[in-house]
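Got a structure for you, written out below as structure tokens; questions coming shortly.
Order as written gives the chain letters A, B, C, D, E and F; numbering starts at 1 within each chain.
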Amino acid sequence: MMEPLLLREIIKSFLIEDLGSGDITSASIFSPEQAGQAVFVAKETMVTAGMESVAAQVFKLINPQIACQAIPDGQTITAGQTVLEVTGPILDLLKAERVALNLVQRLCGIATLTAEFVQQVKDLPIKIVDTRKTTPGLRILEKYAVRVGGGHNHRFSLSDGILIKDNHIAAAGSIKEAVNKVKNVAPHTIRIEVEAEKIEQVEECLTCNVDAILLDNMSCSALRQAVNMAKGKVLLEASGGINLDNVRMIAETGVDIISVGALTHSAPACDISMRMS
Amino acid sequence: MMEPLLLREIIKSFLIEDLGSGDITSASIFSPEQAGQAVFVAKETMVTAGMESVAAQVFKLINPQIACQAIPDGQTITAGQTVLEVTGPILDLLKAERVALNLVQRLCGIATLTAEFVQQVKDLPIKIVDTRKTTPGLRILEKYAVRVGGGHNHRFSLSDGILIKDNHIAAAGSIKEAVNKVKNVAPHTIRIEVEAEKIEQVEECLTCNVDAILLDNMSCSALRQAVNMAKGKVLLEASGGINLDNVRMIAETGVDIISVGALTHSAPACDISMRMS
Amino acid sequence: MMEPLLLREIIKSFLIEDLGSGDITSASIFSPEQAGQAVFVAKETMVTAGMESVAAQVFKLINPQIACQAIPDGQTITAGQTVLEVTGPILDLLKAERVALNLVQRLCGIATLTAEFVQQVKDLPIKIVDTRKTTPGLRILEKYAVRVGGGHNHRFSLSDGILIKDNHIAAAGSIKEAVNKVKNVAPHTIRIEVEAEKIEQVEECLTCNVDAILLDNMSCSALRQAVNMAKGKVLLEASGGINLDNVRMIAETGVDIISVGALTHSAPACDISMRMS
Amino acid sequence: MMEPLLLREIIKSFLIEDLGSGDITSASIFSPEQAGQAVFVAKETMVTAGMESVAAQVFKLINPQIACQAIPDGQTITAGQTVLEVTGPILDLLKAERVALNLVQRLCGIATLTAEFVQQVKDLPIKIVDTRKTTPGLRILEKYAVRVGGGHNHRFSLSDGILIKDNHIAAAGSIKEAVNKVKNVAPHTIRIEVEAEKIEQVEECLTCNVDAILLDNMSCSALRQAVNMAKGKVLLEASGGINLDNVRMIAETGVDIISVGALTHSAPACDISMRMS
Amino acid sequence: MMEPLLLREIIKSFLIEDLGSGDITSASIFSPEQAGQAVFVAKETMVTAGMESVAAQVFKLINPQIACQAIPDGQTITAGQTVLEVTGPILDLLKAERVALNLVQRLCGIATLTAEFVQQVKDLPIKIVDTRKTTPGLRILEKYAVRVGGGHNHRFSLSDGILIKDNHIAAAGSIKEAVNKVKNVAPHTIRIEVEAEKIEQVEECLTCNVDAILLDNMSCSALRQAVNMAKGKVLLEASGGINLDNVRMIAETGVDIISVGALTHSAPACDISMRMS
Amino acid sequence: MMEPLLLREIIKSFLIEDLGSGDITSASIFSPEQAGQAVFVAKETMVTAGMESVAAQVFKLINPQIACQAIPDGQTITAGQTVLEVTGPILDLLKAERVALNLVQRLCGIATLTAEFVQQVKDLPIKIVDTRKTTPGLRILEKYAVRVGGGHNHRFSLSDGILIKDNHIAAAGSIKEAVNKVKNVAPHTIRIEVEAEKIEQVEECLTCNVDAILLDNMSCSALRQAVNMAKGKVLLEASGGINLDNVRMIAETGVDIISVGALTHSAPACDISMRMS
């Protein structure tokens, strides 16, 4: 669930962007009373995301009287299926159309790609997670779509997770020093994760009482070494260059988590279109 | 050029999204005085877009003291090239990093894909244009990237262009009727374009004094018919299902404009990363 | 029709301006339950504009329970006629009163003045249009009032119309050069209009494939020359120093459009007052 | 002085309204480096208002590098005089032009009209004041212009002054009752003014320890009666139907204050234009 | 009464602060359909403030379907009493809980402390008033709580009251000069109060036709002197170092008003907790 | 460090609240050129917080030209010491005064109270932490003051920490079930804390792999039992009814963390005043 209060403000700003000073074409032709019905139809196979929580809300923000019937999230559907039905003044349906489509095409794309990654590893005790490589302005929506697709979320912002990277380590002098400095400041409610590029750093992390290690761009054999060393003591996250071809192989190394930037920065938009009926 | 006043507000909201209540990791480790330098490096071949106008502005919004040296827009560069150099407090460089990267990776992706389309038709008197299928919240940025890639822009919002579609025509009774209704309302400063799905509709358009016809999902032979009928009298825009494989063929029909939704909704993000130096 | 989503935000800011930290006088005297009825009464002859779309919305933003009965837009009414009836808590009626009146007095003023201009030329095939000389913050409202009065709108902002003026021409070197530069950038959905101060510039425009020419401050004989040269090829807009005394004479030159800044910058507010009943 | 912090936010919203998605015409023709100079020139006699505090700020918000030389407020100038000189990138000068002009034309109009009213009564111990009949969104600017013209301000919002009107009196039962209820709630820092339509109400006010009486639409003889009764005990404000023809006559009745809605709702905009040099 | 339009915007921003990107704990466990009931229970004796006007609005902003039954403002209640009952989706009740409690604990604290001050002087013709020493962002709420507790309000902002302090007097040269300068600018709707630290300044004030004198940090004997001199001619406000122990003594000097910064800056929060039932 | 980008927006809204439509008193008396100097002076012993990061920023937002010299955070100072020196236009110093004081008085109060708690337990390996019982709108500032006082922060919002309470447990059926549901949704970057009211619940928590247990309102002997059972396996946080008298006793039970709502909801404001010099 995304928080409706936050979503409403975001969607309002998107509508204002698309409306400019108003939809002149439709306003010239339709009276506010002329009612109609439209459906969103999938043009390809996809995992649904956001029909009720996002698309229907776009229509309702334009006009709370519009009635919406949406397919639940997380359904795998095929070309030709109806995913949303909206009834109300045609003028208002047309004003909401583009923003609603632009959003759900992207969200379904993310859910669909996430589901493909999840499918590759579904019999393994592992989580596919996203990153902060989301579209600016759309983070809570895109991270929601990842969850719909069966994935999990990495931190939402720089403040709800600690991730100590190479620059931090270099500046602090050592992993131990960096971890100590962070522990002095960070709330105890968030975990401390350290990025390791070499197996020696994994060893160093284990002496510092961290919660998780991000194994950055390691080979499968290095990942296996890390798993042998640290599994069960800290969470192990593999990251860097993960794709549908290598995700299974990496998962089989025994890491707990695989993070995939592509889930949000490279998911192709799904093809959905609106038809008046 | 994007308008800096508008851009500033947009980028500020993106930074707030990514900062949450603050970058705890970096704030625990770096003092505000610790200065450093970082570079954005291309990891693949791409057309640059937004290094100065967007990425540098993200850094400057975090801290106006950060010095930026950016590669101009529209350059074709290859893997390994530096596209931006930033100097200032490390704390601030790290705070701006992700938002700046998320934006320029997307913008370079759009510029690069646009340039590929433009390249296919570069010897023909034709324009490649975008659509309103942009990422909500990023329209002025994405449409800028299209221009950087050599493309042109379709309307920015529902208010700066008239596009009469099938629903409008049906509601009005005929193309003529729809055009008349619109002319009664629309400012004379914007053009009137009508969507035609069949060649008969092109004919009808020609009797109505419209400015442009959007030839929707027509075959090449239908497009050629339309060109024979209407070229020079109205602008002819081909649209629907255009990709890198068929854009040349469609361009050779003689239409004036080809609009491609994929420029913005399906451009893969380019791979760029930040390295501290 | 103005877009309600945009209007709501604008009206809210106006109410906040007028409320300060709250209406102390009324809050001291009326309980929230005390209901009443009020009417807006015209104190002079006028063309109505915005009673339903603006004034009623002001009341409803203060309290959605207020019932409103408004006279339609575009009616010519005389002193003493009721134009709006509102029923609800007196406290809320008084809070909305001033903002609602300030807005409709101005909008009726604009509609009324526009109707007078339109009346002068009503048998001629010509449009009376407004300019960007609107009150900052009220553009979509004032341009709506112009339409209500029978006028038409020029561009809403710097982005939904091209207007090449003397400075642009000087900087580009020639009209042709300026037009070419603009065509390289501007969306094909907006028209290109060029300001001409002399008849030679009209000639030059005709060689450049522009859509409209703004004939700035030309004498009637110069306007007639322009019409002879260009009518039917491009839209001809007369502008500069137009008033109720000379508009007919200018219209008779045969131009297509007359733009009048006074419609918005100098329309006297109409006298309307609220009476509790 | 208007508060710059408030002014900046207001002006920013006005610029956004006028820019739309950007000034396409100028951006196509001018490079950001092309510098120029422009002047605002008065086209008629007027009292200056807002050249430095408003117009210059519009230019500086677009680009802080623009240098401005403005004529002080409150000067009476004649046609042809330069009131503002701005130097900077031409692109930026043109972007700010319309908003700056729309504002100062209105403000000079108000200052000029106010000065005419003030001139009529300049030898009398009386204040000309404005009302809340200002343009929504422009209150602090328009009330500033009134001060520049030699006038004074009535309350800025419903919270910084008590004004008990007929509806309040009717609801409370009597003037005394209304005043008592208000005194129980209102801060002691704001004055209590009661609207009186008849001379008996003036009498009643005098028994209630109010600070001011608004004498609404009274004849000169009634005003004189009120002055005889109450002058020196409470402030006496005449209001309703005041114009340049009757203001002197009303002032001579001996009231302390004359409030004139026309100062803000009906001041004709002054004619000022920008010339590039 | 606080103005709902203003309150809504304020409360929305508070909820966004507390929600971050959403209530993960509750969203993981409760479905949106699971309904429940909760009560706010007082854990100590207090004067109620804001249950209906603030707490209930927090819940309704999260979900307008939540039903609320609130105790009226200004009731003295004891530990164990229910002050608010809310019914609706548990998920939404938990999201609103903390913000609602944080607000009413503070408001009840202020109302309770104010009532204690008022109680001390209840048989005297004197007003206990607050200051501008409120929590930034909460002024209209905290000043409302003062009224609920039987106190009165000093000015809400720098613009709805004139207060001439020592720095102003020093800069102007004398009290007379300062008062004159202010009278030239200030609306006649707000009173002029001058801060006096010595009895000579009280004398000077009386010659200047001011409305009120703030007697700053004066001894009781000095206050009595001021009362002898000025009572009935101007409002006399005692200020500085007032507490529950000395307020009675100060009140008995005969001043009209006692202002107490502690009402808002030092009222201890009342203990209220929410229980699901 | 608080994030300046966030702070700026917050402080701006506080200034707007306090300015109303402007500081009439000062604007009437001081010219913008009249420069002066002022100091913030402590009137009692306190731990400093926010002089540079908050108070100085208030002044700079009013006028970036104001020069500020601030005492560092975390200093223990005594009555009479100067904590901030500001130089600039007197008009601007006075406009910023109240907001700056209101903020730092509160922040110093929180830092001072926190330091007292920390002092009580300074030789023990324990952290004093705050809660979400902060003033709405001031969370990042108040949590900063806690850190300045030597305390640590609990979660900033509902999204950056998991806290499973009795209602969650009841709804889920058991602690185990609740934890499992949360693990399916929550990012791995945030810890899972469970509230336990009885020692049996501590036991149950230990079987569920949680990160921390909030021991709510337990007696010291129960706390010691919990420490014996769980210390070193999970973080143990004592909470509920902690004050300066019992904090030592509770700390000696061996828990890792003590959370104290009073740090933010009941810290008395410190007395600081501004003197012009």
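By our rule, a contact is a pair of C-beta atoms (placed from the backbone, for glycine too) under 8 Å apart; a residue touches a chain by one contact, two chains touch by 3 or more.
Computed from a predicted model, the values in this text were never measured in an experiment.
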Q. Would the interface of chain B with chain D count as same or different, where same needs over half of all numbers used to appear in both copies?
A. different
Q: Tell me, please, which chain's centre (mean of its C-alpha atoms) is farthest from the centre of chain B?
A: E
**Q.** Repeat of interface D-F, chosen from D-E, B-D or B-C - more than half of residue-number contact pairs shared
**A.** B-D
Q.
Can you compute the centre-to-centre distance for chain E and chain F, using the mean CA position of each chain? Integer Å is fine.
A. 23
Q: Just give me the whole-number Å value for how far the CA centre of chain A lies from that of chain E.
A: 45
Q: Give the residues of chain D that touch two or more other chains, as numbers and ranges in rising order.
A: 19-23, 27, 95, 139, 156-157, 159-160, 162-163, 185, 187, 190
Q) Along chain C, where are the residues that touch chain E in the complex? A) 12, 15-16, 19-23, 27, 32, 61-62, 91, 95
Q.
Under the stated contact criterion, what part of chain B meets chain A in this complex?
A. 10, 13-14, 17-30, 34, 36, 90, 94-95, 98-99, 101-103, 105-106, 132-139, 156-160, 162-168, 170-172, 178, 181-182, 184-187, 190, 265-266, 268-269, 276
(Q) For the complex, give me every residue of chain E touching chain D. (A) 127, 129, 147, 152-156, 159-163, 185, 187-191, 193, 211-212, 235, 237, 256-257
Q: Spell out the part of chain D that touches chain F in their complex, as residue ranges.
A: 1-3, 5-6, 139-140, 156-157, 160
